[in-house]
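Each in C-alpha cells, the structures are laid out below.
Two complexes follow with chain A in common, the first pairing it with chain B and the second with chain C.
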Partner chain A sequence: MSDDLPEEFDLIVVGTGFTESCIAAAASRIGKTVLHIDANEYYGDAWSSFNLEAFNCLLEQPNFTLRNGSYIWHGPESKEENEEMEIVSWTRETLLEKSRRFSLDLSPRVAYSDGELVKLLIKSNICRYAEFRAVDHVCILSNDELVSVPCSRSDVFNTKMLTMVEKRMLMKFLTACNDYKEEDELSFRGRTFLEYLQAQRVTDKIGTCVMQAIAMCDANTSFEVGMQRTNRFLGSLGRYGNTPFLFPMYGSGELPQCFCRLCAVFGGVYCLKRSLDGITQAEQSNELLVSSAGKTLRAKQVVCAPAQLPASLARHYGELKPHISRGLFIAASPLGNEELNKGGGGVILLRLLAEEGAREACLLQLAHYSGTCPEGLYIFHLTTPAISEDPSADLAAFTAQLFQANAPQILYSAYFTLTAQTIPKTSTAMPICCTAAPTYELDYDAAIANARDIFDKLYGEAEEFLPRAPDPEEIVVEGEDPSALREHSLPEDLRAQLQQMDIAE
Partner chain B sequence: MHGRVKVRTTEEERERKKKEQVLKMRAYRAAMTRIQIKRSSGELDDELLNLTVQILLRNPDVSTLWNIRRECVLAKTAQLQQAMQAQEKAPAPKASEQTEKEEEEKEQEQAKEEGDGDKKSATYSEQLQTVYATELDLTEQCLMVNPKSYNSWHHRCWTLEQNPEANWQRELQLCNKYLKFDERNFHTWDYRRYVSAKAAVPAEQELDFCTEKIKVNFSNYSSWHHRSLLLPKLYPNELKERPMSEQKLKQELEMVLTAAFTDPNDSSAWFYQRWLLGGGVQREESAEIVAFRCWPHKAELALKTSCPEMVQLKIHLISAQNSLELDNWLPMDANKTQWECGSIDLHANSNYILESDGQRLPLSVHPKDESLYCFVPPHSISTSCSKELLAELQTQLKSCMDLLDYEPDSKWTLLTSALLMRAIDVDKYHEQSLAHLIKLEQVDALRQGYYQDLAQRWNMEIALAKWPETKHFPLVFEMPGKMKRTPYVQYLIVADAIIECD
Partner chain C sequence: MEDYKFLFKIVLVGNAGVGKTCLVRRFTQGLFPPGQGATIGVDFMIKTVEVEGEKIKLQIWDTAGQERFRSITQSYYRSAHALILVYDISCQPTFDCLPDWLREIQEYANSKVLKILVGNKTDRDDREIPTQIGEEFAKQHDMYFLETSAKEAENVERLFYEIAAELIGQARSKDGSSAAAAAAAQRQSEGSGSIGLGSFSAKAAQSNCCGGSSSSNTNPNTSQAG
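On to the complex of A and B.
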C-alpha cells in the first residue's frame, strides 16, 4: 500500500459502518479534513453485505462483531446427485456458481418513506447515490398464513380480509390516529395503546393488524408510544409505494457506502485494511497521536467503532456480548401465497411475536427484484435481540411459526450473532468517541441519532449536520463570475436556436 | 472558508435566470416573426414546421401554431399524393419498330424503370407516413410537457384522421402508458374512448381495464364514468327499468359500496352509486304523458319532462267509433310540461283511449263536469325488482345503518341510506328517509336548500302516488305541507281544487 498519505487530519474515523460513515461525511461536509479507515478489506463493517462465498468465509472466521457463525446446505450438492428429479433445481454447486449475484446483509433494514434516514438522504442530497425498492407487503401471521396488512386506501378497498364495516372501522381508526394531536385524548395518558384500541370498538382482526403491523406494539406499549409509531407508519404512506417502507436496492450494505462517497467527494481520504493500533495524547497539544500500519498520524479528534478499538483500549469498554441473533435462509420458493409474490415477488416485511408477545423478531423476504439474489431464489432475513450465545436457539420459536406450516424449499441456512459492548456512559479514559453497534430496529433512527450526537459533541450544535450537497451545476469554479450565464448551461434546443439566429443575422 | 465549496447565492442565481429569460424571449420573438412572414407568403415548408416545434415544445397550447402546422401537413400530403397519382398514370413508352437487339435493350431499360418506379412510389407512401409520424411524435412530446393540453390531443386526433393507415393499436398502448402515469387524466380517458371505438376493442376488455384502474385508485370520476358507458351495453336490462342487468347491478352495487365505506368522504363512489340506484335511466327520453283532461271545448295535457316541440308527438283520442288526432298544442307554462289545444268533437257515452308513442291510457269520466281524464303518478309505490337485487339492496341498507351507528353524522351514508330505502320500499320507509334529510340539513348545512327541495319532491311523489286511492280523487288534491315551488305541479291539471295545509 502506498503510504503517501497526509499525516495530519482534523478527524480520523475508524470503521466504515453506517454510523461512522455518517459522521465522516458530516465532518467532511463542513470542511474538516477526514481520514476514514477500516481494519476490514470491505466497506460497512457490521452493516455490510457479502456475496455467498465471502459470507461463508465470514461465518467460518469469527471476528469482533460477528461470532457463533454456522451454515448448512439443505439441497443436493450437485446435479449428479439430483438426477432422478425431473425439474432442474438448485444445488450447492449452482448456488455457488452464482455467488456474486448475492448480496447478503449482516444488518438488513428497511426505511420509513418519511423517516429519519429518507429525510437525511434528501436533505443532504446523498439520495442521488442511493436506489430503493418500495416494500411490497407488510404482513402478519394469521393461522400460520402470511396475510398482507392493508396499508393504503386502495389496499383497504381491494382486500378480501375485511368486511365492509370493518374496512370503515380501520379507515376511521387510522384517520383518527393521523389527526391525533398531543392535547387530544387526555384520558389515555399513562394507559396502554391496547386499551385505547379496545376503546375504539374495533374488531379482533383489525386489532391484530394494528398491534402487530401498524403500531408494532405489545400489550404493554404505552398509549403515547403506540400513537407515535402509528403516526410514523401513516405519515410514510402514499409517498413511494403501497406500503410505508423502502428497501435499499442491492442490500442495506449500500447505504454506508453512499455516505463514504459523499465524504470522499468533499476530500475525505479512504483506506481499507488498516486498523487502529494505538492512540496516545500528544504532549503540549490537544492532538491525538494515532498509530496505524506502523505510521503515526496526528488528529484533532478520533471516532471509532467499538469493535475496531485497539486491544489496549477495548478493555475500557467492557466485554463483547451477544446483541443480535440473526438467521439467513436461501430458498427456492417464497413464503406466502401467489398473490403476495405476484410477478416473482418483491420485498415482504413481517413482524413475528413469540412467548405471548414478550419476544419479537423481524422477517424480511427478498426476491430477486431487490437486487440481492439470483432470479428464482428468495432470501429470508430473520433478526431478533439476542438472549443467548446460540442464534439458532434464539430464533427457533420464530422459525417454527414460519417454516412448519408454510414449508418453503430451503436450500441454505445460516446463523450468527452480532456483538456489542456495554459502553460506560462516562469514559474519560481517552478523548475518543465510540459509536454504538447496530441495535435492533427497523429503520436507522437510533444510528442517525447516535451519529448526530457525536457530531454535535465534536463540532457543536451550531454546525449543520449534513447540509445539502450542491449539484455539479451549482458549484462556482474559482475565478468565474457567479452571476454570469455561460452558453453551455442553456437548454440545448434554445442554444441551437440562438446559434441559428446569429447565423441569420 | 478554505475547503468549502462555493455555491451561487440566490441573488446570483436570479440574475442568471433573468439573463436566460431575455435570451428565451429573443428567440421566441424571432421565431414568431419568421413564422408569420413565411405563412403570409405561403411558404408552407419544412422550415416553417421546424420553427413551430421550438415554441410548441415549450408551450403546447398555442392554437395558431397548430393550425399553421395543419396547413403545412395538408400542403405536404397533397403534394405527395399528387406525385403518387402522377406516377401511376404515367403511360409506359410504346414499343415502335426496331431491330430485335434494340428492342431487347429497350425492354431491359423498361424493366429497370419500372423497378425504379416501384421504389419511388414506395418512398412516396413512406414519406407520407413519415409526415404523420412526425406530427404524432410532436404531440407526444408536447403531452409530456402538459398532459392536459387540449391542443395537443386535438392535433393527435386530427393527424390520425388524416392517415388511412393509422395504427390504432399503438394509440391504445399509448393510453395505457399515460393512464399509468396519471389514472385520473380525463383527457386520456376521453381519447381512449375515441381510440377504442376506432380499434374496435371489445367492451369486455375495456371493462377489465377500467376495473384494474379502479382497484389502483377508486377516487376517479373518469373510470366510474367509463364503466357507466360500458355496462349498459355489455349487460343490458331487458325491462329498461334499471341501468343494467340485475345480476351485474348487484355486483356493481357491492363494489361501489366497498369503495364508499373505505373512504366515505370521497364523493366519486357515491355519485356512481346514485347512478346505479336511479331507475329507468335507459328509457328513451321521449315525452311521457302523466295527466290529461279534456272537455268538448279544450284539452289539457301534462308531460313528465319538458318537451320543446309537440309536433313530433302524435296524440290520438281513440274510441270504438273513431280516432281523433289532437294537434295545435300551445304551451301553458314556461317549462313546457303543460300544453293545451282547442275544441274537440267528443261523443258522449263512449270509452276513449289516449294514445301516443306506445303509451295507451284509458280515460275516465271526471265526477265534476263529466270531462274525460287520466292520471299516472310519478313513481309507483312498489318498485318491481328481483328477489336477488332486493336482497342486495337490503344488505346494503343494513351496512349503511351499521355504519351510521358508528358514524351518525356521515353525510354520504345518510343520503345513500335514504336512497336505498326508497329503492326498496318508498311507502314503508317514507318517514325514515325524510328524517335522514332533516339530519342532513344539520350536518351539511351548506346544502340545506337542496335537502329541503329533495324532501318536498319526495313528499309530493308519495302524495301523488296515493292520491288516486283517496275519496276526493280527482276533485281535490291536498298539498303535503308548504312548498316554495311545487314540484310535479303539472300532474295537478286533473284536480279542481288544491288545498294547501299550514
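On to the complex of A and C.
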C-alpha cells in the first residue's frame, strides 16, 4: 500500500481543534474528500489535553495559541527531603512518575445534558466514541464555604442549606420558570432577570443560588435571557446524573478526536505534524493550491484554525491578543467538605464573581473518576476572560476567594494565557475560512454554531450538518446480498444513496 | 435488550496493509475480500461468541485508516480490553515498526490491557519473518503470540476466542476479589460510572425536566478487564 498522500481534495482542514474537527467530520459525512492536518504532533490544538510532563513542556515553550505559561511545584521534591515528616504521600517525583495518568485540559468544558453538544453527539451517532461523567455538584460560595446547590426535587427537600419556607419558595420559583411561556409576564419584557427575581420576593440565599448557579446571570442580564438559561438548566436535569452537567471522561481533549474518528471512518485522511505553509489561488480554476511539507496539494476549499495560518496570511488577521486566562492546580485534597466529595466523586462546577459581578470565572474541580488524574488527587481548572498578559494576576481575585479560607493542599500550580486574533468578517480577498479560537463559555454552543456557520457557507444550508452515522450492523458490505439488508433501518441519506445505486444499475 | 454477559472492546493496530481489516471481516463476516481498499463507513464490528457457556459480545475496532500517517487518535485506545498488534510476515518493514507501535500503546493504552502480537499472511510463500523471531519479540514484550492467515481463515477464530477466554478469566478473578469494594464505591458516589450517551438517548428524549431520575452506569454489561 502506498503511503503517498493524495494530491486533490474537496476540503483541506488545518488544525484539529473542536471547531475544525466538527467541520471536517460534517464534510466527510456528506461524501466530500477531506484532508485534515495539524502542525502539532497531537490532536486538539487549543482544545487538547496533555499528560503532566507534556503539559510542562508546553508551558515552557510558548506558541501561537498559548503564552505566558508558568508552573510551580509546592510540595516536596522527593521523599528524602522530608524524612522527619510522617506521611508524605505526594512529591514532585511521585507526581511525575504518574505523569501519564493525568489528562490536563487547555480548554476544559462541561456540557448541558440536553445542550447543543449532547444533542449533536446523539443525532450524529458520534456519541459512541465518547464517554461522560456526570458533574456531581453545582456549587456556590457562601461565607467562604462551598455549598452544593440543590438540583433535583429530592435535593431541594434534603438540603440543609435552606429552611422549609425557602424550599417551598425555590420549588415555586423553579416551577414558575419551567411553566413560563413567552406570552406570559409581559411586564418584565425589557427588564432584567434580577428585577424579576426580586419581584418574586425570594430570600438572599435563593437569589444567590438562582443568579450564580442556575441562571448564571449578572445584574444586567435581561429577563428573557435569564429565563432561557434557567430553563436550559432545568431542561437538562434528571437525564444522566444529579446535576444538569456532564464532563467528558479523560478530559475535554477527547471530544475533537471523536469528530476526527467519524471523519476518518467516512474516508477523511489524517496527518499530524504537518503544517500549512502557503496558499495560492490556482490560475485557471477556483481551486486553491496548498503547500504543505514541500508538496503542493489542490483543494476546492480550505478551513483553518487562526493559530495555524501561514505567516503570510496571519498578518491579515491582526495581532494575537490575550483571550482567556487559565489557572490549573493539582491538589492532594479537594475543595469543599466531605459531603461534596463522597467516594472518589467530587466533580464540581462553581461560578465565581469578582469586582461586584463585573468579572467572572469558572472553576471545575475534577477527581480521579473523571479519568484525568490519579486516585487521591484533584485538579482545579480556573478560567476567566483575559484582561491582561498576566494570567495569575487576572485570576488572583478568584483564587483568593477559593484558597484562603479552607486552603486545599496544593502540590502544583500553573498559569497560562490562550490567545486569539481579532478575526474580521471573512473578506472575499481571503480564499479560506477561519474558525474562531475557543471562547469563554461553559458548554460548546458557540463553537458548534461557528462550525455550522462555516459548513453552511461551504456547502449550503440544504446539506444536513452531521446526519446520523449508521451503526455497524447497518453497513452494506460488498459481496453481501443487499436484499438481506433491513433498508428501513438505514438513515435517510444512506437509503437515498442506495436507491441511486439501484437506479444506476 | 440483547442477552450477553460481557462486552469487550478489542482494538487493532499495526502498519497500513498488514491485514487488520481482513482479520476483522474474516472473523465477523466470514469474508475475505481480496484487494479491498479502505472500507468507508465501517467503524467497528460486533460478534457475539460463546465461551465456557457464557455469551460474550466482542466489539472489534479498526483504525479507520488513521495509521497511514501515524495519526491514530488517543481516544481510540481508551477503555480497550485487548489490543491486537498486527504485522505482515512477508514484509520486514511492518515488523520493524513494532517498537514504534509499542511506544504508542504504552503512552495511550491502559497499562493492564491484554496485548497480542499477530503475524498475519501465513498463506504467503515469500515469508521474511520466521515464526521464532515473532515469538521472541512477543515474549520480550509480554505479549501473546499467534500467526494467522485471514485469507485461509487460519487461526483467526482461535485468535478471537482465546482473547475472549482470557478476558473472561480476568473479569472473573476481579469479580471474586473486588466486586464488593467496587459496588460499595458505586453506592457511595452515585453516578460514579461513566455514561455513554447513545444507550440513554431514547430515554433522554422521553424524560421531562425535573424528572429527578437517578443516575447509574449505563453499561452494566461492560466488564473492566484491566
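Operating definition for what follows: the second predicted complex is superposed on the first by the 474 of 505 C-alpha atoms of A that agree within 3 Å, B and C clash if a C-alpha of one lies under 4 Å from a C-alpha of the other, contacts with A are read in each partner's own complex, and residues count from 1 in each chain.
Convention: a contact is a pair of C-beta atoms (placed from the backbone, for glycine too) under 8 Å apart; a residue touches a chain by one contact, two chains touch by 3 or more.
Just so it is clear, the structure is predicted and the values come from calculations on it, not from any experiment.
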Between chain C and chain B, which one touches more residues of chain A when both complexes sit on the common chain A?
C
Based on the superposed arrangement, let me know which partner A:Phe266 touches: chain B (first), chain C (second), both, or neither?
both
So in the superposed three-chain picture, is A:Arg153 touching just chain B, just chain C, both, or none of them (first/second/both/neither)?
both
For A:Ala130, using the defined touch cut-off, is the partner it touches chain B, chain C, both, or neither? Pick first, second, both or neither.
second
Go through the superposed model and pick first if A:Gly345 touches only chain B, second if only chain C, both, or neither.
second
In the overlaid three-chain picture, which partner chain does A:Ala46 touch, first (chain B) or second (chain C), both, or neither?
neither
Should A:Met164 be classified as contacting the first partner (chain B), the second (chain C), both, or neither?
first
Per the contact definition in the header, classify A:Pro470: touching chain B only (first), chain C only (second), both, or neither.
both
Please work out whether A:Leu288 is in contact with chain B alone, chain C alone, both, or neither, and reply first, second, both or neither.
neither
Just which bits of chain A does chain B share with chain C as contact spots?
153-154, 266-267, 470, 475, 478
Flag every residue of chain A that touches chain C in the complex, lowest number first.
1, 3, 5, 42-43, 100, 113-114, 118, 121-122, 125, 127-134, 136, 152-155, 174-175, 178, 234-242, 246, 249-250, 254, 257-258, 260-261, 264-267, 269-272, 274, 342-345, 369, 371, 469-470, 472-473, 475, 477-480
Contact set on chain C toward chain A in their complex
16-17, 25, 29, 31, 33, 36, 38-46, 64-66, 68-71, 73-76, 78-79, 107, 185, 187-192, 194-198, 200-201, 204, 207-213, 215
Could you please specify the touching residues of chain B with respect to chain A in the complex?
1-9, 11-12, 15-16, 19-20, 23-24, 26-27, 30-31, 54, 57, 215-219, 257-259, 261-264, 399, 402-403, 406-407
What residues of chain A sit close enough to touch chain B in their complex?
30-33, 153-154, 156-158, 164-165, 167-169, 171-172, 201, 266-267, 470, 474-476, 478, 482-485, 489-490, 493-494, 497-498, 501
